[in-house]
Amino acid sequence: MRLAVERLSVRYGNVTALREVDLTVADGEVVALIGESGSGKSTLLDAVLGVLPASAAVSGTIRPDRLRRGVEVGYVAQDPFGSCDPVWTVGHHVAEAWRAHGQRPPRGHIARRLAALGVAPGALRRRPHTWSGGMLQRADLVAATAHAPPLLLADEPTSALDADAAEAAMTTLVRSARSVLVAGHDLALLTRHADEVHVLERGRVVERVRVDRGGVAALAARASHPHTRELLAALPGAAARLPHGHHAAARGAPVAALERVTLAHPGSGPVLVDVDLQVRAGEVLGVHGPSGGGKTTLLRALAGLHRPASGTVRLGGVDVWSGRRPRRPRPGFVMPIFQDVAASLDPRWPAWRSVAEAGATRAEVERLFAAVGLDHRHLGARPHQLSGGQRQRVAIARALAGRAELIVADEPTAALDPTVAAGVSRLLREVADRGCAVVVASHDRARVNSYADRVVRLAELGIRDGRSEL
Amino acid sequence: MSRRAELWTGAAVLVLLAVAALAVPLLGPDPDATDYANRLAAPSPSHPLGTDQAGRDVLARAAAGVPTSLGAAVVVTAVSAAVGLLVGVTAAVAGGWVDTVLSRVVDVVLAVPQLVLALAVVGVLGPGLTNLVVAMALAGWAPLARYARTFAAGLLHRPYVVAAELAGVARPVAALRHVVPATAGGVAAVATLGLGEVVLGLAGLSFLGLGVAPPTAEWGQMVAESTTVAGQAPWLVVVPGALIVLSVAGASLLGDALAREAP
Amino acid sequence: MRGPSRRIAQAAVTLVGAAVLVWSLQLLAPGDPARRVLVANGVGNPTPTQVAALRAELGLDEPAPVRLGRWLLAAATGDLGRSWRSGAPVAAELADRLPATLRLAAVALALALIAQHRRADLAARGLVFLGAAVPSFVVGTLLLEVVVVRLGIGRVLADGSWGGAVLPAVPLALAAAAVWARVLRAAMLEVRARRHVQVARARGAGRLRVLLVHVLPGASPPLFTAIGMTVGSLLAGAAVVETIFTWPGVGPYLVEAIVARDVPVVQGTVLLGVLAHVVANTLADLAAAAVDPGRAR
């Protein structure tokens, strides 16, 4: 089946989500829709599915139209946990794909297909929250392709998975249907699995490139539009490694150290065992690992927020846990950057006040804002008036206001668009070059590699003081 | 209804009632003046809402009921909110055994349904408006304390509070700056939502004869006095009832608008 | 399972705590309880000897913790003491009147549930708003006047039967239905916006299927919680409604006891209300957790 979308425009009120989009998915092909958030990818998929809200104004044609949902076109969504109804078992969820059409799933069919994907069918009796993300995505895929639809639509199918699971999920996905239309913003992953790439910017298709599963290199070779080049430049490995000052202060006493530290959560087993780790001024240390592996706990321990089950945590040479309450060399010695950008600033306070609270006068705050690339307009703004990237910069300014010698950054760029993330990474590198120590936890190996001096892996309980994995 | 519309309508209704309470006694007849010759009179120009079984002007009595019925409810709500906020924030910020003890106390009080607890307290203290207010305040602080604790505890874990502590701000100070204002706002919104229920509760208990003693005007009691003559003079039931509805509606709209603002 | 047994154990502890609270309230009372009882029973000016005699008879001279312990142990075996007015066992007097109240409550709950089905149309929505704002005693009085006295349907003196319970149940049901409707509406809106509902639609499920399989089950936990809370408030509501309709239930019994300061009756009746409330809420919590295990309380 050949999907042809011609001059499709979609408007919600006075917001135009899609402008005159032309798109073709030939029979047997995988087409990727690449764009940042707000570019219209989801709207396009919803239009093909026919599930746009009634209030949307639509013009243009989609052929074939009125595709029978579930039977002629399949759908996979971003977050497998969000796609499954938490009230029912996973088995019920998968079987719904048949029951929604008044049919019953053929005996043993679901179990066979799941086994083929490496999932034990016994788990079908359990509910979604007991499954892992990667497995649940596979089960969801079985549901999406229940009736072997010739066309499969996937909206950011791997965003909620970490790198290894994402690769496996994409591979399975593109094999599950004759034609696939997949939307996302992970350039590297999509160009490796797609035959053709359409780049969307603010509702318009700005470029159409044939990559034949050639990866980023194929795209880079043939792309010409400025936006595409921008996306390529924002890729972690794409630019030359961010230049950084030779870390003269890499010798000398460590700013923070973990000595034979074991970390555990009350009521459950140890998360990390016998960890030895040192961070020195001027260096960026990356901590890489899958979500839930203990990165956040490690960072909290470094900041003196999590008491180790055994071992010593030192900040500036001082034993943090010599008493019952944590002791740090001075207030502001270690400052945090969080993943949840929305919650990292008090929503009721203007931005300058959040920075001033860390110990800066109004004049100093103004200088800090300039140092992090913000201007005086942002001083009095409330967090909700700032973009994610801008809020993260305010958080960095706050860290500098505290005269931090150690910054612990927990997934600082995970929630940001690639171009914005690149900017924040650059800023963190600059901060380190001026003498601060920075520890970054991230599941985005490539991004971290681009600006860290060293990267250690949390692959197993306990980590060794590792070398960079460039 | 949009949030602004709700806010202004709700506030307007309550203000209207307050104004009526002040204006009517100045302009109209004495609510306590009896006139047995004219009892149970239907609404007329001289008595816009008629007269009751003792010949008293219903409009005057209804307006006189505002301080007792609505005013008492406001006092109850304010006291419950203040106590609830204090207990909830203390539990959340102090943590540890303080939190455990306070939370258990709240759980125990919550195990008794609010009006039943009020009834029990009145049963012990005796009828009367002051006792009623005390009873309802004792019954009303616990749900607000639980709400305040949950709200405040959530805020304490927010990244910006953690950042403040790392920057050297002492925990109580950080709590005061970041947690208390937002929690107070949340509690105020929830408490205002509950104002309507307090009005209903006070009226109901007064209806049962546990509230003010006659001849003080109170809407619930006015209905109680009129049940036997409801057939002849339905306005004696409808007027106080309508005022209760108005108060509850106004409070609900206002509370809803306040609650919608909360992040 | 750890979860449910923990909840039940906590509920039991809370119940005991609440019983202690209920009993301890009488310590707030000003004056001498024995004196009050005598006055309430018509003895205008009790002499000190009379008061002392009554105190001894009622066991009021023992220290408070002892009296509390005695009462708790007795209550656990179903003995709620004796009424200070009639001298009859409270438990027996309650048992006499409880069936009528239970019937009233059951009919009210059923009516409120049925009312949820008709939430959508305008008349029902208006009724729902009124139900939240109109006091039950106004609805009750007007209903009594219009239906029973004017139209002659039913009897003025109610007899505690199922059929007779319908009219008095209306004011109770109205208040409950209003709360449930608001909770259900908010819950359904929230569930409808969740991703899995969109995914189900995207895979071909029709509107009815989405409603029955996904939206309603997903919205049920908050509804269960609301129902649990309603049960607790039924006793107080019954006090008012039963007074209006002269329904032979527990309500008027409680009110008379309050006026007469008959402490054992008030304590016993309130304890019953607390028991019902704790049980209902625990059941509601368990049901909600069973339906949606990931739900944070």
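Miscellaneous remarks
As written, the chains take the letters A, B and C, and residue 1 is the first residue of each chain.
Going forward, contacts are C-beta pairs under 8 Å (C-beta built on N, C-alpha and C of every residue); 3 or more make two chains touch, one makes a residue touch a chain.
Remember, it's a predicted structure, so these values are computed and weren't measured experimentally.
The interface with the greater number of C-beta contacts, when A-B is set against B-C, is B-C.
The most distant chain from chain C is A, comparing centres defined as mean Cα coordinates.
One finds 50 Å separating the Cα centroids of chain A and chain C. With each centre defined as the average position of its C-alpha atoms, the distance from chain A to chain B rounds to 48 Å. The geometric centre of chain B is 21 Å away from that of chain C, both derived from CA atoms.
Residues of chain B touching chain C in their complex: 104, 107-109, 111-127, 196, 200-201, 203-204, 207-210, 220, 223-224, 226-227, 230-231, 234, 237-238, 240-241, 244-245, 248-249, 252. Within the complex, the chain A residues that touch chain B are 303, 305, 328, 330-332, 334-336, 338, 340, 343-348, 354, 357-359, 395, 398, 401-402. Interface of chain C with chain B (complex): residues 14-15, 17-18, 20-22, 25-26, 28-30, 129-130, 132-138, 141-142, 144-145, 149-150, 232-233, 235-237, 239-240, 243-244, 254-255, 257-259, 261, 263, 266-267, 270, 273-274, 277-278. Residues of chain B that touch chain A in their complex: 158-160, 162-164, 166-169, 177-178, 181-182, 263. Of all residues in chain A, only 49, 51, 68-71, 74-75, 77-79, 82-88, 96-97, 99-101, 127, 129, 143-144, 146 touch chain C in the complex they form.
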